[in-house]
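Common to both upcoming complexes is chain A, partnered first by chain B, then by chain C.
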Partner chain A sequence: MNPETTSWDRPPGRLRYVAWVPVALFFLFVPLFLPVYLQGILTKALIFAVFATSLNLLAGYTGLFSLGHAAFFGLAAYTSSILVVHYGLKSFWLVAPAGVFMAVLFACMFGFIALRVSGTNFFLVTLALGELLYSVAIKWKSMTGGTNGLVNTSAPNLGLSWLPVDPPFFYYLVLGVSAMSLLCLYFVTRSPLGVALQGIRESEPRMRALGYNTWLFKYLAFIIASAFAGVAGVLFAYHSRVLVPMHLGVTTSTLVMLMVIIGSDRVFLGPAVGAMVIILLEHPSSLYTPERWPLILGSIFVIAVMFLRGGISSFLEKTWEKAFYASAKR
Partner chain B sequence: MESLSINVLNGIAFGMILFLIASGLSVIYGFMGVLNLAHGVFYILGAYFGLIVRRHEGSFVLAALAGGLAVGLLGLVLERVFLSLLHKRINEQVLLTLGFVYIFSNIVRWVWGPYAKLIDPPAFASGTIPIGSASYPLYRLVIILMGLAVAAGLWLLNNKTRAGSILRAGMDDREMTVGLGVNYGLVATVVFVLGAFVGGFAGFIGLPIVAVHPGIVFDILLLSLIVIIVGGVGRIEGVLLGSMIIGLIDSLGRAYFPEFAYFTMYIAMIIILLVKPTGLLGRAL
Partner chain C sequence: MQALSVKGLCLDFGGLRALWDVSFDIHIGERVAIIGPNGAGKTTLFNVLNGQLKATAGRVSLFGQDITRLTTYERVHLGMSRSFQLTTLFLNLTVLDNTLLAFQGILPSRFQLLKPLSSYRSLYHKARELLGSMALWEKRNEPVTTISYGEQRKLEIALALASRPKLLLLDEPNCGLTASENTEMIAQLRKLGTEITVILVAHDMDLVFGFAEKIIVFHYGKIISQGTCDEIRRDERVKEVYMRSQETSG
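On to the complex of A and B.
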């Protein structure tokens, strides 16, 4: 492991967190003045930021590159929408936990199966398990609507009658839930569990020799990551309003892996930055050359893997710290 | 009884198609440890390149070889220009191939459109042969023979040649192999080109049975993955066994439990993963 890429062991310097102030201000206030469609793009970016960060708990921190992470995202999305559409449940407080619970339930099963293998085989087993759910979503037409999709146009019902139900409200709901999810994931990575996961990534035999039950740690990481993918999935169901089997399948799984790699799998917020970049690029591309978007995406991916070794955000972080420490020395 | 034997024969033929589909992936994965996610793209590119030659030259065999060669050349470029720079970084190598899936499947859609392509079997292998009172398409038997020939060729390469022993040594301990003076970079390139060739060749050979369009790249990849999960990687016998099992399970499943037909191969995969995670004949990677 190259020491300069481990960014979480930096010497403390509280002042360098000052960079977060404009970011927080931006997300809190700027969307109020943006047109609705731009607000929607930011909403989607926040949702995928949580989704990508949850994958990074597995990929970057534990070294388990899953190509089936969208299974839990889509499962939670479908579960909450099916409850709304087919069972008439309206309350967000009921529907959202049910979606996340379903993601966790399947993570317990899939994690058990997928962790039977290690190394490169993990790629292929997670991919195949994700595709299993994808084909269920295609075949189970009475529940999922098959390839026509499942339409759920209702806004999340929080049971608070004084709340307005308009796009800014949904934006702030997503902002709140994402911020809390990212905070939770951050504490997980800083907890003893998170440190143990990094140890497993570096050398699993050594961790085992130290007496850690590495299987259990990886299993826990898989379940936690899937739970937060589920959180993102529930929000996405309300944002997208139409769910198609693709949202469970390899297309979405690889998209979110792309976000992680482009952003950086070595910085906590790297995947979130990657998600922002991809979602923001997707919009102009869908206006001008919707057919060529996969080509652009693939090229970005190849460039990121080949040349941007640490990802965009480790580049940003290094530049910022260089500038910050240079000005502090003066 | 006769329907059972037809179902079994169908299963074997489908298994052989699966073997041809999976063999290109398993060569690269089993011999050099790189999971080539662009395999589905190699497969359909072989079919499309072959179609060009078939249209201009007319020869089926020549078209299949040309499809394989064109994809092999593409593999050569990808390996030399990109993959070989990511030396020892297995995860990055896998993710890189994922980028090429997006790029090439989009280019294929751009150049050839989203339509499915299917061709007639060549004249020497069209028609049917009688089996009992039923008749069976001759081309499926040709596929079975072709699959056996590819399997035999790969087995001989891996087990009876010097290149094969270098490959096996490289999978066991790459550093030691390089330390003994073997030019492993060259070997890796040759393996990647060979895997790409087999993938592209299979794409055209399968064309009279498996229609090809840009949307199937992940389906092809997925079928190959299920086969090598069940059979195991590293040995060509494992891939052959895996594809036979999946082919038979799928074909018998379709005949006797049609409502679960789609999921029988997943169930087989999950059982194998729980019982023997390395696959039936696989070695740990």
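On to the complex of A and C.
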């Protein structure tokens, strides 16, 4: 599952993928036997898995480290909730695409500004643009509820009356949408465009010398990444039920960046693993020692960077390959 | 029609003039070497020719079309391709992916989102042919960081060839190669068909006199002489420049 190589003449090692079977079984069946509270945590973890993976299309694949990615996540979340709360739109099929559309629209504008620069400056411009939306969310009280937050307690209405609306239903909706989103992102990373993005990360001048309009490719990556952040945002609006400006701002952007780094930015599912680890640890720690959560998060970060070079998933992948090949040789 | 025509080209870096009124013409199918002491402006000229640097004054035309204001990637689509002196490959990608990316650069399918790059059979066959001719096919699944320097230099040339250039700019293709690798490289370059016009920058006189039909000599950003190999060998100014640069460096 290494995104760095296309799998042309790789020795047939389909068996290597058996590790995915228990993972799939876990996500499909285990939540049925979990209390609602734990189901909620898993739901949130899945949402952040999509969010972090979308950021990694920019950070890991294209080499563009954005510190404003939460802007698109929050924007989509706010848009869908505002439509429900203030405009009385109930249908998920209207509200969700509207949220994603807003994320894409703003990505088209912000990308145009942010991609005029690169490296550290890109980092700073994306940070500034994210904070811009954060301030708007604080000031525009009539729409966003300001710092008190925007409360939307309705469940997503799919217009299918025979569907139950209890928590397992929402979990499976999120599972379905996340799985589809991750699959789409996976296809993108393997496509000519996705490999071109990796080429830009490795050597942008060379890509230009090969005939690629690298600016356009980065712009497209920015928009695609923001669209999927928007998908995660819409789901998050239903999950969280209350949105606060922080969900648009640098706090959330940094958190998702940590997920990418801790999980690994060089393995496709790395950010998803990072998201799982952080969200699953966040809840028990905020139950027992809420004031120490930042310390714990910091320690995970340091451990991942110092001892698991390239992140947890990269480590897991290497260990698994080693174990698999060792057992195959025997 | 000329393959490349350069008229009155100047380039300033702030107050420093790096290229002074450079003019030359190159016929289709010609092999031209650009030589000169270090810092003469050879690589700078390449950077202007392929659009990485914008000329302060002057005109460049490629097969009769004015390309002075075009971007690097637009020039590639018109048939100009270059290799780099310092290897600029995609180090963490495999040899095969490097080559596929290079082929894809001039194809509309480079914007394709949903089909894996690895599913383009025709590109794969082209890559096999190209890498095979460079004796790199066996290394196709290895990341570029793990192959030898000599192999990286060959891949550098392969990438430049992949975009089907009509004009190929080679910046010190044999820089840092061992003697046997060098012989192989010269043989490799000699095999290029005459549908490709080649301009190369080189310090190695075996390569220059063994390959080029025409030589252009640069010194401090100016052309001090141009002509056939014999003319350049006899040229007093060229001798003087090379003797002097050897004195100062030795």
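Operating definition for what follows: the second predicted complex is superposed on the first by the 315 of 330 C-alpha atoms of A that agree within 3 Å, B and C clash if a C-alpha of one lies under 4 Å from a C-alpha of the other, contacts with A are read in each partner's own complex, and residues count from 1 in each chain.
By our rule, contacts are C-beta pairs under 8 Å (C-beta built on N, C-alpha and C of every residue); 3 or more make two chains touch, one makes a residue touch a chain.
None of the values given here were measured: they were computed from a predicted structure.
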item: Partner chain(s) touched by A:Arg208 [first = chain B, second = chain C, both, neither]; value: second
item: Touched partner set for A:Ser226, first chain B, second chain C, both or neither; value: neither
item: Touching partner for A:Val125 - first (chain B), second (chain C), both, neither; value: first
item: Partner chain(s) touched by A:Ser81 [first = chain B, second = chain C, both, neither]; value: neither
item: Touched partner set for A:Arg292, first chain B, second chain C, both or neither; value: first
item: Chain B versus chain C as contact partner of A:Ile113, first or second or both or neither; value: first
item: Chain B versus chain C as contact partner of A:Ser314, first or second or both or neither; value: neither
item: Residues of chain A that touch chain B when the two form their complex; value: 63, 65, 113, 116-117, 119-121, 123-125, 127-128, 131-132, 135-136, 139, 249-251, 254, 257-258, 261, 291-292, 294-295, 297-302, 305-306
item: Sites on chain A touched by chain C in the complex; value: 4-10, 187-188, 190-196, 198-199, 202-203, 205-214, 220
item: Of all residues in chain B, those that touch chain A in their complex; value: 29, 33, 35, 37, 82, 85-86, 90-92, 94-96, 98-107, 109-110, 218, 221-222, 225-226, 228-229, 262-263, 266, 269-270, 273-274, 277-278, 285
item: Partner chain A, residues of chain C touching it in the complex; value: 50, 52, 71-73, 76-77, 81-82, 84, 88-94, 96-97, 100-102, 104-106, 109-118, 120, 124, 140-141, 143, 159-160, 162-163
